[in-house]
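Below is one structure, written out as structure tokens; comments come after it.
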Amino acid sequence: VEEPLIFEMDSPGKSAVDLPPAPETAGGDRLGGLKRKGRVGLPGLSEPEVVRHYTRLSQKNYGIDTGFFPLGSCTMKHNPRLNEKLARLSGFSDVHPFQPTKTVQGALELIDTLADWLKRMTGMPAVAMSPAAGAHGELAGMLAIRAALEARGDARSIVLVPESAHGTNPATAAAVGYKVRSIPANDAGRVDVDALKDALGPDVAAFMITNPNTCGLFERDMVEISAACHEAGALVYMDGANYNAIMGRVKIADLGVDAMHINLHKTFSTPHGGGGPGSGPTVLSDALAPFAPLPFVVKQDSGWHLVEHEADPACKGAGKTPFGRMKGYHGQFGVFVRALSYMMSMGGDGLRQASDDAVLNANYLMAKLSDVLTPSFEGPTMHEALFDDRFLKDTGVSTLDFSKALIDEGFHPMTMYFPLVVHGALLMEPTETESRQTLDVFITAVRALAEKARSGQAKEYFAAAPHLTPRRRLDETRAARKPVLRWTAPEATADA
Amino acid sequence: MRYLPLTDDDRKAMLDAVGVASVDDLFRDVPDSARGGEPTDLPDHASEMAVERTLSAMARKNVTGQDAASFLGCGAYRHHVPASLDYIIQRGEFLTAYTPYQPEIAQGTLQYLYEFQTQVSMMTGLPVANASMYDGATACAEACAMAIRVTKRDRVLLSGGLHPHYTATTETFLKHTSAEVEALGPNPLAVEDLVGRVDSRTACVVVQNPDFFGHLKDLTTLADACHEVGALLVVAVAEPLSLGLVNPPGEMGADIVVAEGQSLATPTNFGGPGVGLFATREKFMRQMPGRLCGETVDEDGRRGFVLTLSTREQHIRREKATSNICTNSGLIALAFTVHMTLLGEAGFTGLAEVNHATAVRLAEKLEQIKGVKVIPSAFFNEFAVRLPKDATEVVDKLADKGILAGVPAARFWPEYEELADVMMVAATELNDEAAIDAYVAALKEVL
Amino acid sequence: VEEPLIFEMDSPGKSAVDLPPAPETAGGDRLGGLKRKGRVGLPGLSEPEVVRHYTRLSQKNYGIDTGFFPLGSCTMKHNPRLNEKLARLSGFSDVHPFQPTKTVQGALELIDTLADWLKRMTGMPAVAMSPAAGAHGELAGMLAIRAALEARGDARSIVLVPESAHGTNPATAAAVGYKVRSIPANDAGRVDVDALKDALGPDVAAFMITNPNTCGLFERDMVEISAACHEAGALVYMDGANYNAIMGRVKIADLGVDAMHINLHKTFSTPHGGGGPGSGPTVLSDALAPFAPLPFVVKQDSGWHLVEHEADPACKGAGKTPFGRMKGYHGQFGVFVRALSYMMSMGGDGLRQASDDAVLNANYLMAKLSDVLTPSFEGPTMHEALFDDRFLKDTGVSTLDFSKALIDEGFHPMTMYFPLVVHGALLMEPTETESRQTLDVFITAVRALAEKARSGQAKEYFAAAPHLTPRRRLDETRAARKPVLRWTAPEATADA
Amino acid sequence: MRYLPLTDDDRKAMLDAVGVASVDDLFRDVPDSARGGEPTDLPDHASEMAVERTLSAMARKNVTGQDAASFLGCGAYRHHVPASLDYIIQRGEFLTAYTPYQPEIAQGTLQYLYEFQTQVSMMTGLPVANASMYDGATACAEACAMAIRVTKRDRVLLSGGLHPHYTATTETFLKHTSAEVEALGPNPLAVEDLVGRVDSRTACVVVQNPDFFGHLKDLTTLADACHEVGALLVVAVAEPLSLGLVNPPGEMGADIVVAEGQSLATPTNFGGPGVGLFATREKFMRQMPGRLCGETVDEDGRRGFVLTLSTREQHIRREKATSNICTNSGLIALAFTVHMTLLGEAGFTGLAEVNHATAVRLAEKLEQIKGVKVIPSAFFNEFAVRLPKDATEVVDKLADKGILAGVPAARFWPEYEELADVMMVAATELNDEAAIDAYVAALKEVL
């Protein structure tokens, strides 16, 4: 069944909302003559039509709730409904950011409690809670690094980034005014430490490293890397995208890093929501802690206090010189509630077990698929299994085709063509919330598809996949060449 | 541990398949000095009941908009959220999906983003909109960065009527670029001379409408002044419901409109998450930050939707990207678009009218209290008032009486003594006559 | 994707619920040696698996939220989420039926308020709130009738039922100890009044009539029928299954009936839930009011009072002699909250408009389909459009085949083979919550299918329909011949 | 009116298509004397906000289990409801479906009913179960009617330990049949002689286990006595969680087990809706009331599920049906089955253990209060106590102290003076140590 756009379902005058009557006023409106003249152009629908429309749209989507979602580097784990329920307690949801702080002690306590958990887990002394997502957390970390360097009168100009890094790393470094230099990987899929050491110098502000890295591997030389950076006067930003593999196993502080963001919407299940909202608290070392952005919560004898200004005695008086503000208000509070709900549910023991199971699941996939796919690097791997496209050589089937064929088997494809350091990458992240039964069904399907591809008889089948979806492959070139980014009434088009 | 499907039997069998004796072996790449990361000082896993009890206890320590009559705004507004909206955004197919990278199995997300972009475009009066940003403040910062890219100029002028968090966020974002940010100070009483400050070095001027103090303004002259010298006009909207009643920025000459969508999407949630709206002119489309959803066709020629123009984005462009934004506010964008669809033209304009009338009603009653002055002559659903007493104290005392009366300007500008008696007050459809009367009565008592 | 049974997903020892620790006791258990010995046999699953399992199962279902559901006599209207939200307020959901009544004044007020709305709408003086569904309401009504007749010393032995009645009518009459006599319909699809009058006699206890009747028609002679019954000393039970057509239009009291049940889960949108829970409050005339079952709510000076015993002064002292009790506790309270939420949302004006629109929608379907299908009776019809299978004559396509083919077009089929008074009946009830656009799409699909059927070329297509569903036609004969009503472990089967 | 999609334009066009001038014409079959049914004394339609405000005000007048420590049982139990359960039952595909008459598009409903029947069968220890009844009381009445059909006898004997609502409902259902119902009076202290009352006229004996006063009993002797004379033993279970810890009725010889499923499905909801469970022996399958779901295959040979044995039902059998039940408790059955699936073997038995231990703990503390006596020697999570004062007064006073202490027996048997000092007390996993201590302390104060 095709589902039209809401604009194509318009019945003028209809509304799915009944309004209370507007109160009488003595003096008419006070709009200063700025009242809107024309229609907005919004369509009118009744409530039954709206509910059915979005229900039907939802049925064209794939989510963790509907099936296995091994999208590498995205940590698509189960999203508990308890998180949603607690975030909707009116004591959390119906609280305004600018209430007198004596009326929001529970909200401040929640922020401080979550911060405390994050600090204990990572062993880091401080955390900036306000970043709204991973990339935003990177920005906070890099701003803190720049502030710290400037505070010691040594801003520097270069940030080093491994070639396997997520695109957000160089983009963030550039946003903070740094030039970006790429560091190559070695044959084992890890940072080439010698190359890094060669690149370190008096103008290097920081090294941004993802660990476990985007090939799914732990950077064995991490402690040495941090030491080398610090020795060269540079700071270490660790991208926390893959933190799920090591929480409860590795204290971040022990790796010598200065900053790491944590994606609450991935690692702490809060959930991804089709593209957010996220939340990216950034843990900071002692070197960076004084520069953490506004606002932040401190516990005082009189209760929890929200520091919103540099002039606040809890700021300046306490040796803090915040580098600024990341966004409006006090962080992604609704996401905090969900994250704390998850963390308390899992506990210290459960979080460690989650890392163990995530890593075990990835290694199990690797073990069970290594003979039919081509693993890019030697294991053990961490929470992801990386393959390249050598197994597809001479089959005429591409990584893209192979992934699209998996959709017809009932699975969300793995991450494709990332990381860039291997050819035709297939990056699978099973997470700890998948059962062995599910992995086995997936393994069977992947093996069958790999055999089908290698048979040489199925090139057209793969090229045409997926076959069973609400839409077949979409023409992305056409979309980009002459972008149509909004609906326009057919009449208007005819006029144009 | 209810979220973990592996049993000990599974783990054993899987370790055998992998060929290692224990999970520890899988972590052998971790340097010895970094082992032993177990957070032994954290409590163990807990039942749903126990977690619910602990968090409910925290929730009960807060005073909610149901416990007290609430008249707070300043960029976060309390509106009725339809029950069907909250149902729809909780459907697992929306809630547990990823960013729609695989369009064949993400047409649900993509179609609503396309509907969202269209609605934002219609509301703002500008032809193209993106698929959401983090919030209004970051959208404002991104708009300035975009204006700098478009104009290849460096000066950014921020109105003193801009939300102070938007100002601070923009300053932070642009701190280490070549940009020079001039942020005017707050002055709810004076007319700000923005026109006189625009010059050929100006990349953009940012104003908020209605501004932070509630002033509703005609921006046409300012837009003309900007365009005359080749600068862009960026308009921030902190209460998008105002667009149901007020001339949209696009029609007053804005080049970029940014807004905070929370008011039409979610409860106030102590300030987050929100959703940033971002719209601009067609010619700037390829300079926009954030995700964009576009229409196309599939192999069978059927209409479908995809993320598009991703060559602007960091996963392709890396350090040359228009922005580092990746995850944005998909689910809050869904909430926004569902609410707008529920409202429709009649509901959106009607709800705006109810809000304005409620605020006018409140203003009329407050003006009758001796010493209380409503500052803006034109406003939507929020206005600054000058009190005969220190506003922070008044707010504090009224909170004890179960009235969340407003936000003292001193919360944002503690250093401006002349703002000590100023308070921002908002009224929405949720404030009924009884609440207004209780407010007025309580205010009289404390003045 | 196939979804196994939960029993086939078992991992022993697993649970999706973490329990609090059991408290210590001084003296051990107090089970008197009756502790269970063996396993229960329940499977162990984790939370992610359970959520995914039921999500996937749900996707194999069709509901109002997913599409048009014109199932005649079932009133499948939109189910507002506001109802669900308000029923979940802890002040309603977390209240125990045996709390002291001073602690449940709001709950009693709600029951009394809903009763008041029902009485005002129907014009009837009393209502029994406790019946749990339509058939249960019928039972309450017939028990009241029997009690009233016995009270006047004239129990009688026969209940008359039109041949077009729902099966619950004769089943209910039998359950109350009556013999059932069928009354034929006339050519206009209505009760043959002469036949009824002939059948009425000193041994007839009651006439049970559905109005609008199951052919979708209003019983024009209703007032006359009631009068004739009363004259013969019989009482009139009106089946309220089709009340949606006339609420706000016709006061039931004006029709002279003595009892009518109201399906809150149909007429008042509370919703149907795949088969309940329902709620069937039964409005009663003055003749029956004293016999209404326990419990009931009365408003007293001191507040709302719940009458739970005959000995209560508000019962015996007030001339009430309840015929007994219909079920546990005080009625389907959770359903009451939903119904009142709907009724207050609609208001008196909205409820009338709902009837008008429901009737208009049915007549529109009738008008737009009369030339291709064969309407059974002359209109105007009420809220349903009834067709028979004459239009399928000689096509080899049955009513069943035709209905199943509609599924492939994205619609739930209409009611088939009911009422029994016409051959191969197709009974469509669009309800007021469908838009004209939806009806037009449906009309187009039905017309195309009717033409396809009449082309004579598509017999096999219809016989094999539906083609696009999770399951094709199921073998019901096999299911009934050797019933398998529960899962059994494969080993156990092998042993048997 | 937000729920009505027709606009006035639609209505006009549709009336034209129908060929009438107004909707009034469509009602022309209504006799003149019955026109004018508009309920003019009802309020007009209202916004979500207004309805929410009105109903919330009613809700706030009730004392909830969150406001007070609650120890109430008597067939309705307060347990923790997992958040995922409440999410699943609200999914539109379940919530807004009809009874699964079209199995091709109702496999979701049908499969969960099959899972439900299997779980009920496992729990009760009997091989077949139906797809739910209205509630425990009506299921009990239906069981007696079934026993009468099966045995072709007329005498029904109800234990004095049966829930008084079950007794009353059964009496009402059987009032006008040939059945003779003998209901014994309540006596929590004495041993009831049921065995001695069974004879060759007896169709069935109905006992509850644990009984209404909490007594847990071995039913084997009674079952043997019934079977010896060809009568059936019907066992009612008001707290199905007990089956996680206690020997199931099926293993003690019960022929029919009926139960109220609320405790494992939904909050107490002031007593409704619940869900009736019904299980029996294979040989009685075709005499069962209610819907049954059975396994079969589709045209392609794939396993699928259908409603079956409908020749028992009233839409086929009409006045000869086994029962008049039609709509039952589908959604509550779903809630029940989801909860049982979430619990699994380990969770179900573990939760039962926590409940029993909590109740024992409470009993041990109450027994230390002078004059308080716990009546049953063996119980699950509920027991009657004898107080040194009038129980109704004690309950009333404790309610004022924020303790919902129990249910006085006098609420059910006001005429039995010897029960005036008896109160039923239940404890579940939701009663933590602090609540128990608060209860004990408050009780001491009022005694």
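Order as written gives the chain letters A, B, C and D; numbering starts at 1 within each chain.
The rule is simple: a residue touches a chain if its C-beta (ideal position, glycine included) is under 8 Å from a C-beta of that chain, and two chains touch if they have at least 3 such contacts.
None of these values were measured; they are calculated from a predicted model.
Enquirer: If I compare contact pairs by residue number, which of A-D, B-C or C-D overlaps with A-B on over half of them?
Expert: C-D
Enquirer: More C-beta pairs touching across which pair, B-C or C-D?
Expert: Between B-C and C-D, the larger count of C-beta pairs in contact belongs to C-D.
Enquirer: Averaged over CA atoms, how far is the centre of chain B from the centre of chain C? Could you give it in whole Å?
Expert: About 46 Å, centre to centre.
Enquirer: Where the CA atoms of chain B average out and where those of chain D average out, how many Å apart are those spots?
Expert: Each chain reduced to its C-alpha mean, chain B and chain D end up 47 Å apart.
Enquirer: Could you tell me the distance, in whole angstrom, between the mean C-alpha positions of chain C and chain D?
Expert: 19
Enquirer: On chain B, where are the residues touching two or more other chains?
Expert: Touching at least two other chains: 1-5, 10, 45-50, 52, 82-84, 86-87, 90-92, 429.
Enquirer: What parts of chain C, by residue number, touch at least two of the other chains?
Expert: 11-20, 44-49, 51, 55, 59, 64-66, 78, 80-82, 84-85, 345, 433-435
Enquirer: Once bound in the complex, which stretches of chain B touch chain D?
Expert: Residues of chain B touching chain D: 47-49, 52, 80, 82-83, 87, 90-92, 429-430.
Enquirer: Show me the residue ranges of chain C that touch chain B in the complex, using the header's touch definition.
Expert: Touch list, chain C to chain B: 11-20, 44-49, 51, 55, 80-82, 84-85.
Enquirer: Which part of chain B faces chain C closely enough to touch in the complex?
Expert: Contact set of chain B toward chain C: 1-5, 7-10, 45-50, 82-84, 86-87, 92.
Enquirer: Considering the complex alone, what residue numbers of chain A touch chain C?
Expert: Residues 1, 9, 11, 18, 46-49, 51-52, 55-56, 59, 64-67, 78, 80-81, 345, 410, 433-435, 437.
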